[in-house]
Structure formats: structure tokens, C-alpha cells
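Look for chain A in each of the two complexes below; its partner is chain B in the first and chain C in the second.
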Partner chain A sequence: MIAGGDVEQFGKTDFEQLKNELLTMGGYVEKALEEATQALIQRDASRLENPERLEKEINRSHVLIDKHCLNLLAKLSPFATDLRRILASIKINSDLERMGDLAVNVSRNVKFYLTHKELPVDKDFLLLISEVRWMVKNVLDAFVSEDENKAEEVLKRDDVVDSLRHKINDFVRQIMKQDSTAVDSGVDFIFIAKNLERMGDHATNIAEDIIFILSGDDIRHGGLVNEKP
Partner chain B sequence: MIAGGDVEQFGKTDFEQLKNELLTMGGYVEKALEEATQALIQRDASRLENPERLEKEINRSHVLIDKHCLNLLAKLSPFATDLRRILASIKINSDLERMGDLAVNVSRNVKFYLTHKELPVDKDFLLLISEVRWMVKNVLDAFVSEDENKAEEVLKRDDVVDSLRHKINDFVRQIMKQDSTAVDSGVDFIFIAKNLERMGDHATNIAEDIIFILSGDDIRHGGLVNEKP
Partner chain C sequence: MTNLVEVNNLKAWIGEQQILKGISLSVQHNDVLAIIGPSGCGKSTFIRCLNRLHEEIIGARVEGEVKILNENIYGSTVDPVRVRRQIGMVFQKPNPFPSLSIYDNVAIGLKLAGIRRKSALDEVVERSLKQAALWDEVKDKLRMPGTSLSGGQQQRLCIARALAVNPPILLMDEPTSALDPISKAKIETLLQDLKRYVTIIMVTHNMQQASRVSSKTAFFLLGELIEFGPTEQIFTQPKAKLTEDYITGRFG
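And then the complex of A and B:
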């Protein structure tokens, strides 16, 4: 799976440890997303403290992992695959941190929403939630197993999520036009859907980073420049 | 301005070139933001093609700068300040790329808005626009001049921008409740304000990176871990 000709320099344990730190952080993100969205589906405000609590752990991991990457770069002066692994880890770390913020945003949106008029969490909304949760879970799996195919599957879901978000937006605009007492809830729904879609976008960023580690190809922006470093 | 005891290893020209590439990219972002917001203020749809055009340049810069950073890391095995400079450049590059996306989002929101009912772009909205433009301009200035004080001034504006965004949201919710024909425009305004606020957030990320280059202090998340690498 590693681009041909690359030499792996540092011990397996160096990268395994970094990987484990990122996976632990990813686990917090997954859990925060689960709690925030279950609070919405089950109208259960008691779950909304969990994302805030998990975000503290995520932020702590964020700072420590960046420091760990910096130390590895300074200590090992890596090149080829190992250098790509560390750089990709720095980016994955940023993405996971932002996903933690977004899960907290969803949680706060749900908190407001639960004080406003109840709206139907319809089929599209449930699908959006399950798609984004699938993307987060599977991009972490792709990272553990260094599985390029799985990373590509995650990339493909991005359009599905965007399209669901637009459908939800149109639906909510209609409700708000018909019923002025649904405006506050409608705005809450628009933000929840937007924040979920952004979590999906960050999962695709991570999928691109996984492909970059494994192949050395930068596929962002349609692969504008594709020469191995 | 550089943390004591650090040794600068690579020639001034290496970092100057990287810095110039980032500043050129930052200039595109600044221009895209100007065009998108002037299109809103002057109701001039003819300016809305410019952010899309500039985003192509921004994406191209994004890929090339990442590649440049990777090459510098592989070639020079830098440590201390130089290593921090390259890592911070990678992050600033990501932030500028995302700011380009957000300027395009604003531009698309404005495009929709101009087909919907006209709403007042009031004092708070004009202030939000000018605050975010100030943040983007000044964080780029702080980066050129490696000016920690200016970077800190940018950080301080984040709360002002958040508070303006909330005021605009409340105002728009009121309008939508009173006038169902203003719902589409209201949703457009909510997204424009949100995307502008996010541009301000990325400017604060860059300000934090500048402080990290100069002092070696990671001040993110309230400075959870502050030991120099």
C-alpha cells in the first residue's frame, strides 16, 4: 500500500503510538457526535453535557499530538513515507479538533432547539445523521487499517451529505414560510444540518490525508499537482 | 522577537520565498472577501465571478505551498524556530485555503440573496464585514512583519465578530417571524454572517500560529500545554 521506493525509517512503535493517540481522539469525536445527535433524535437534553466534556479531552489531545509530531520531526528528521505520515498526522489532528468543535456546535444547536417548537426530524435528517456518523467511523477505520479503498468510499459520501443538507434546508425554509412560530426551530435545524455537513467535510479531508500517506498523491482540488515529494 | 536560544539554520531566502507565496495567497483571499462583500453592499452581482476565479488561484497555491513545505522539511531537516516556521506555514496555508472557500460561500450566498427580497444591510452587518476584513488584512500584516502585538490585536477582535454575528442572527429571526416573504433572504443573511464569522476564526488561527513561530508558545485552547518543543 505504500508508494514504491519509499524507505521507512523510524520504528513501528513511533508511528503506532502517534496513531493510537489520534485514534483515541477520534473516538472522543465519534462519541461526541453520537451524544449530540441522539439528544436530538430522542429529545434528551441530559446527553448534551457529554459533547462539552469530550471536547475538553479533544482539545488536550490536539495540543499534545501537535507537540508529539513536532518532537518526532525534530528528533528523527524523517523523509518519504515517514515524513508524509507525520505531516498527515498534523492535518488529521487539526481536522479532528475542528470536528470536536462542530459536535459541540451541534450539541448547542440541539440545546436551543429543545427550548423551541418541535419540528419533525424526518427521513432525510435521520439519513444525514447516519451518513455523517458512518463517514466519521469509517475514516477512522481506514486510518487504523491504512485502507485506501475505504478512504475512497468515505470521499464518495460527501456528495450524498451535501445533497441531503440542501434538501433539509429547502424543507425547513418551507416550514418557516408557512408557520412563523417555527422560525426559531427552523434556524436551529439549518445550523444543525450545516454543522453535521461540515463534520462530513472534515472526514473527507482525513480520507485525502490517508491517501496521501499511502500513495504520496495529493488528490485535493482534483489533484492539481501530482508529483511525489 | 524570536524565543531565546533558538538557532536559525536555513538561509533567509528559503523562508522569505515561502512567506511570499503565503502572502500572495493571502492577497487573493483578501480580494475575494472584498469582492463578495462589496457585491452585497452595492447589490452588484457582476463582482461575484471574482471570488470563484480567485479561489482557483488559492487552491493552486495551497497544493504548491504544501509541497514546498514538505520539500523544505525533507531537504533541510530543520529544528527550533525554522521547524516551527515551516509547521506554522503548513497550518497558515490550510487556513488561507479554507478562507478562500468561505469567501466563495459568501459570494454564492450573496448570489442567492440578490434573487430574493431585499433586506437592510444594517450598521451591525456593515461592522461585521469591516471587522472581518480588518482581521484578514492585519493578520497578513502581522505575518509579514512578524509582529506579535499585531497578532494579539487580531485575536482580540474574535469576540467582537462573534457578538455581531449573534446580533445579526437575532435581528434576522425577528424579520422572518414578522414577514414570511423575507424567509429566503433571512436564511441567506444567516449564512453570509456565519461564513464571515468563520473567516474571522481562521484569521485568529493564523494569529495563533504567528505567536507560535515567534515565541514557541502554543496558546491554543487557553495554552493547555506550554513547554517549548
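And then the complex of A and C:
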């Protein structure tokens, strides 16, 4: 027999370890987002320390994963899927790190907001939170299960999140026009929505990287790289 | 663009054993084609069929067509010695003629072809050694034996010898596998330069080398051509699962 499982692939455990490290980091991001947004919904400031604590773990993972990828490049001189996997892991690592920062931003925005006048967290705001959390959770699931369809589902939600953010901005602007005492809270809301939407953008970047690992297709910017100049 | 080399349904045997099972591919001017594949896949046999060296083995047989510059080198009127003289091959271990000087190692092909005029020979020796990036290192000791050079220099001398007859293609069978990393790097740099003058077809076991120096790559397995395409595509996004498995080290 020529191809197949007779020979253990050199570096296979390294790739499994890399995947686990990224998933652990993704888990921290997911948790940081959950804590920051639940603090908003439940007006519970006690949860706001968690994102800051988790960010330290995220930063530790960030450095560790880059180091691991560097070692793998040097050790394996990889090709094909292995090469794409390492390149994409470096990018996913960077996206997750930014998502950690953004979760902390949300947490700080919420902290300010909780000292300001209370505004209604309306259904669009709740929907934005649940959509972004869905994107983060599912992009990590797509990464674990190497599921291209799931990654594509995540990509489709980006437009939904963008449009929700615009709706929230309009809604908050109206409130601020009518009630000058709500301006501080309104600005907090605009920032929270912006940071959540940015997290969704990073989740779509990761979804694109997953598709790149699995198919080799670079679909970023509408597949620009495949177009003739 | 017309093809410089066109191989159609090439089959090769040694005795009863079929080594190549119907290979078809074409190579254009100034391509550097890397042939990769596990040991015994037929890579070396394939390039040995491109200058009719394979049939020198007892019991060897070839079927199919190999057109070089539109001439089928297996045509009934073609003299295999002329083909071999025109299409040089560089082997794994440098093999300069031990009794000949550096100069004569390069000039031998022309001398055998009947060229005697010293100025013509001088000119070709200098050009070939320059193309092989060896001239500066040997220009003051051209009468020394070829074997007095280091391994890497000897290999470049063999490349110069092959280039001296102005071949349309240069065949190389693992040309750097016996060399140290510095000599290897020098030959790889040289190949980048040489492709301006000559089309190169090389067998290599070194995947990094194939990805660095070649413009096209062909993956052979068990005497069959599994995948053939631009090197960049083969090494980043191979189409065949077998290619993917081989280049990522799952077998071979």
C-alpha cells in the first residue's frame, strides 16, 4: 500500500496541538464577549473584571501560537494543506487577539455606560449581541470540525451585523436628539455597537481563513486574487 | 507558443517490468521542469528516455513518442548517439573525465564533433564555464585535471560540459543530492540564471528545491504521471489527493 495510514505523518501531533491552542484562545474570546455583553444586559458590573482577566490569557496564547507556528515552518518546511494551515493559523491567531482587545473595549464601554443614564437595550441591540456571539461560536465550531459550509454561514451573517449596527446608531441618535441627558449613554452605546460589529468582522476573517485551509481558495475581497487584472 | 519537448504516451520497460505506463506532457522553452515522486516511480527512467539513454540498459525497451524541436527522437532514421551528444545529462555524482583537464572536460563534446580550431574551442569553453558560474574560479588553472576541483565545482564543470554543445535542453538527475548546502545553493542560483539559455528538466527528491527552482512540476507515482502543472499551484494547492499526500510527507 502506498498512500494511507501506514506511516504516521511527521508533525501530525504538532498540528493537533496548534489547533487545540487556537481553540483554547478562541474559548477565552468567546467567554470574554459573553461576560461583557451579559454585564450590559443584566446591568451587572461584577462581570466586567472577567474580560480583562481573560485578555491576559489571550495575549499569552497569542505569543505562544506565533512561536509554535514559527517552529513548525522551520521544522516541517510545509507544503499544500500543511502550509495553508500554518499561514491561516498565524492570521487566525492575530484575529483572535484583536477580538480579545475588542471584548475588553466592550467591557470598558459597558463600565462607563453603567455609570450613566440607563437606556433601553432594545431588540436590535439584543439581536446584535446574539448575532456576534453566534458568529464567534460558530466560526470556532467550523474551525474544530473543518466545516466549510459552517464557515460560509458565518460569512453570510456579516451583512446582518452591519445593518443592525446602522439601525442601532439611528435609534441612539434619535434618543440623543430628544434627550440631552442621554448623550453620554448614547455615545457608550455607539461604541459598544461599533466594537461588537468589529468582532463580527474578525470572525468573518477567520471564516475566510478556514475556507482557505480547506479548499485553497482565497475568497477575500470577493475573490480578488482570482480575477484577471 | 510551440512546445520544445512533447512526450506522447511514453512507455518504458526493463525486461518484463514496465517502468513508465504512458506518460504525456509537454515542456516549453525556458521552462524548468522538476520531476518529483518516490523512489522507483520512474522519474530517472523518464529523463533517460529524453536522450535515449534508457535503451542502453540490457533488456530495456521504449514505446511512444518524444518530440524535441518537433523531431521524434525515436524516429527510425534518428541516430541515438547524435541525440545523446546534443542533449546532455548531469548526474547525482559529479563525473568529470578523470584523465582530462578542466578545459578538455568542457571541450570534449566539440572535439568529438570534429571541431579543432583553437579559437572556437577557447570561446566555447569560456562561454560554457561562465554560464556554469565556474569561470572566475578556474580561469587560471584550465590545464589542471577536472578532478582536482571540489565536489560542487566538479558538478558545475559537468554542467559546463553539457552546455558546451549548446543543447536545447539540459537533463539533470538529482544534481545536488551529493553536494553540501553551499554548493547546493550555488547550483540552484545557477539554474535560475541558466534557464535564460536552456530548458531544464530535473529529477529531484528535494521538495524544497523543486519549489524553489522550477516553473513546472510533474509528480510521478508507479510509472504514471499523477499531476503536472505550475510549481506554485502544485505546492500550494495540488489538485490530486496523491500529490497532496506525497508533498506533505504522508508517504514516500
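Going forward, the second predicted complex is superposed on the first by the 215 of 229 C-alpha atoms of A that agree within 3 Å, B and C clash if a C-alpha of one lies under 4 Å from a C-alpha of the other, contacts with A are read in each partner's own complex, and residues count from 1 in each chain.
The criterion applied here is as follows: contacts are C-beta pairs under 8 Å (C-beta built on N, C-alpha and C of every residue); 3 or more make two chains touch, one makes a residue touch a chain.
Fair warning: this is a prediction, and the values are worked out from it, not measured in the lab.
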{"item": "Contacts of A:173 with chain B and chain C, given as first, second, both or neither", "value": "first"}
{"item": "First, second, both or neither for A:202, with chain B first and chain C second", "value": "neither"}
{"item": "First (chain B), second (chain C), both or neither touched by A:190", "value": "first"}
{"item": "Touched partner set for A:82, first chain B, second chain C, both or neither", "value": "second"}
{"item": "Touched partner set for A:64, first chain B, second chain C, both or neither", "value": "first"}
{"item": "A:157 touches, of chain B and chain C: first, second, both or neither?", "value": "neither"}
{"item": "Superposed model, chain A: greater residue contact from chain B or chain C", "value": "B"}
{"item": "First (chain B), second (chain C), both or neither touched by A:216", "value": "second"}
{"item": "Residues of chain A contacting chain B in one complex and chain C in the other", "value": "77, 79-80, 83-84"}
{"item": "Complex contacts: residues of chain B adjacent to chain A", "value": "59-60, 62-64, 66-67, 69-71, 73-74, 77, 79-80, 83-84, 87, 90-91, 94, 169, 173, 176-178, 180-181, 183-184, 187, 190-191, 194, 218, 220-221, 224-225, 227, 229"}
{"item": "Contact footprint of chain C on chain A as seen in their complex", "value": "2-4, 6-7, 9-11, 76-84, 216"}
{"item": "Residues of chain C defined as touching chain A within the complex", "value": "38, 207-208, 211, 221-222, 235-238, 241-245, 247-251"}
